[in-house]
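First subunit A sits with subunit B, and in the next complex the same chain sits with subunit C.
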Partner chain A sequence: MRKIFPAEELARDARFIRQTNEQRLGDPRGARVAGGSSGDRLAKLTPELANGPDRARALMHGIFVGEIQALEGAGRTCWDFELDEEVPLALKLDMARQCWDEARHCEISVSLAEHMGTELGEFAENGLLYEAACNPDPVLRLTGVNRALEGLAIDVFNTMKEFGNLAGDPVLEFCEDWMLADEVTHVKMGSDWLRRLTANDKERLDKALEFQKIVDRLFSFNGFRGEDDDSPIQLTRRFRELAGFSDDEIDEIADMSREARVEAPS
Partner chain B sequence: MSEISVTPKSFEMVFYDSAVIGEVVGEVAERLGFSEPIVLEIDEASPLGRSKITAYDPVELWVDGGALENTQRPRHFGKQRTRDTIGRLLIRILDRRSGRFDDAPADDELSLSQFAAWDAHCVGRLERLGIGGQRKRRLYQFRNRHGFTDVADEAFDLLWDSSELNWPEIERISSECRAG
Partner chain C sequence: MTDIKRPREPFAPWDRRTLPGLFDVEETAKRVGNYKWLEIKLFEALGGWVATVPELDVKLRLGTHCYHHAWHAELFDKRLPELREMKTERLTVPANDEIATFVEAMTAPEDAHMTIEKLVGVYRVLIPHTIAAYTYHRNATSEITDMPTVRILDFILQDEFNDWREGEMLIQSMLESDEEVDRAMTHQAKLEKLMLAAGGIAGPGSIGDPYVEAMEDN
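Here is the complex of A and B:
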């Protein structure tokens, strides 16, 4: 079986249609983000917005395809690297556990889609998460996926949990809470392995953190994820601390979002 | 058949064709019994899904480009989405002209729950005419405005399945489940 499986060859049935990053970023109206458009000054995602429920549906569909890709990515990490030569067994076991979590998240997301009136494949799929999971260095892979993208998932799940709470929707609220707990663990795995595998390799650590920043920036359109009260997605400081982020690292993400917000067209 | 006027005539940001849009709008209008001219203005710069009736007589509609978009293929025209969007607007015009909605507030004065209740009644009828649908999507919107309860679900079924409610009935159904 080949190593490093290309993103464009991932198996999908006819319901799913892929939108490339070039198409996404090349949309002159602004890339789609948080169930809305980065071309707009998006309001915080709450049920009180006229388009709140529809934005929530689109966002959760994005999370659903992200779960599929996270499952595929963690599975590839179990296989793509040679035991002991490239990664220790404990890392593969962590990735195997993550596969089990992601598979469960896929099933939860399918049920949530049904609950929210969303058809599977109703929205275009973007493959960025899996593409980050194709990095040939396992440290960069875990940093880009587990710390950057699963870190974003923490923020999204917490925002959606709050959305469910405000709407009086216990199904959404509890599903988000359960998945959030797993995501904190996944991000923690990324933080732990980053430190363990680069303990004596400052250059590799710097490269991994730079890769994380690149991935974080790709998802910081107009600073949609931040600590301001009106940020569409709230940066969740407490859960990130639990997941092994230092205060400086969280400050840096908050600053990046704030800068992107200032630079965004008004 | 209605004469349909689509603005803009050509698009720069999305892959839409005003002639095709005009055909789909005309087809929906014909199914609903419209024979008068309809003006449709599209804001192609917006991928959001807002839509509104800007004038009732003559009929003038305004939509975000996203309200006519195929959600699987961003920037591409979505025939079914367009039918749903335009159908909802036109059936609301028919409702207001029927005399059964004389007591209804103006569109910009409707609350989110009133809108959700009226939309459920509109889209239920559109589905039976083979024009629109997405019952579960509408149920989710309705629940967000009226509660995730059995009472709200029964109210939704009544709105969806009824063929000709009037405004006081819709308002009563909506307010009863909000109170419950």
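Here is the complex of A and C:
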């Protein structure tokens, strides 16, 4: 088996449809879910919105395929790097633990998707998350995946948990809360390893944080995640603090989202 | 009122554990190091394969089992310093070159069409051999002096049995033609021969030696 497995070769059955992010955003099904043209800004996700339930279903499908890629990414980190030469055993043990967690998240999210009336393959998948997990530097990989993408997952799960609460769906709320607990753990793993592996290497630390910003920006999607009341996905300060983010780092993500929102086509 | 001065034996009548075991501290450390090396190789491979298998249930099981074997490696890693091996990496090695060759062959399949080979290598060859070696070790070591190793092996064996059953059921669910049965058997035989050359996961003597020296007739 090779080291570094390319995103375009990720193994999938016939139900999965792969699209680039640009294709996905231009997909008329996505526009229908957004409630208008694909360029329309999204409102905060609530059950009262006319397209709220559809958006929640699409988001849950997105969570499911994201969890598969997160599982694949953590698995590859177990395999891709030489023990002791490139990464310590403790890091690989953390990644193996994350594999188990992500496998459970796949089971949870595919069950929730069915619970919400969604079929596997109803929406497309893009490989962006796994692509971030292909970085050949383990520090950059963990920073991009565990801090940027798993950080985004914290915000998404918290939003879905609130949606479950507002919709009177205790199953959704219960499951999202459990996944949220795991995600805080994964982000904290990323924060801890970033600090440990770059303790005496400022240049590598800076590169890793820059990579995190790039990934964060890629997943900004016109600033849909932010602290404004009407942000579709709410940036969750409390959980990010638990996961090892400083106030300055959270401010930076909030500012980035705000700028992306202003720059987004109206 | 209980008579607190009435003597009792240190071992209850039903506790038949005895002091001697087959392994001394040094031999135990050596075996534990071999086990740890193998569990690391196994969890790395299971993690790496997740991206390469299209079958959704297999993908999720591999992710789950990946952690089981990482936990086993961690348990063995923690046991090594208790066996006077402070530089744990010194003993975290394959038992011999042949077991390293076996692992190389077992982890070679990558193609999306080779899920059967991946599963057969792990669940029909390696895991049965780990169950055999761990059971031998668990039963042959002293249950008093080496109880920490016995306790570790008991937890690990529980995982191994469960994972073996799940893996075997996945294999059975994937064998739908004579050609697929042949593929599975061919791959199993190839790996079994490599394991035979290694003498088991801890080398010759992995599960003891059941033969006795026959007396020569004059």
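Here is the rule we use: the second predicted complex is superposed on the first by the 248 of 266 C-alpha atoms of A that agree within 3 Å, B and C clash if a C-alpha of one lies under 4 Å from a C-alpha of the other, contacts with A are read in each partner's own complex, and residues count from 1 in each chain.
One rule holds for everything that comes next: a contact is a pair of C-beta atoms (placed from the backbone, for glycine too) under 8 Å apart; a residue touches a chain by one contact, two chains touch by 3 or more.
If you're wondering where the values come from, they're calculated on a predicted model, not measured in any experiment.
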| item | value |
| --- | --- |
| Touching partner for A:Leu83 - first (subunit B), second (subunit C), both, neither | second |
| Which of subunit B and subunit C A:Val171 touches, first, second, both or neither | first |
| Partner chain in contact with A:Ala199 - subunit B first, subunit C second, else both or neither | neither |
| First, second, both or neither for A:Val262, with subunit B first and subunit C second | neither |
| Contacts of A:Ala181 with subunit B and subunit C, given as first, second, both or neither | neither |
| Partner chain(s) touched by A:Ile214 [first = subunit B, second = subunit C, both, neither] | neither |
| First, second, both or neither for A:Thr118, with subunit B first and subunit C second | first |
| Contacts of A:Asp54 with subunit B and subunit C, given as first, second, both or neither | first |
| Contact residues of subunit A, present in both the subunit B and the subunit C interface | none |
| In the complex, subunit A residues that touch subunit C | 1-2, 5, 9-13, 68, 71-72, 74-80, 83-84, 89, 92-93, 95-97, 99-100, 102-104, 106-107, 130 |
| In the complex with subunit B, residue positions of subunit A that touch it | 17, 19, 23-24, 27-30, 32, 36-37, 39-40, 47-48, 50-54, 57-58, 114-118, 121-124, 167-171 |
| Subunit A-touching residues of subunit B, taken from the complex the two chains share | 12-14, 44-50, 65-66, 71-75, 112, 115, 134-141, 143-144, 147-148 |
| Interface residues, subunit C side, partner subunit A - complex | 40, 43-56, 59-64, 66-71, 73-74, 77, 89, 107-110, 112 |
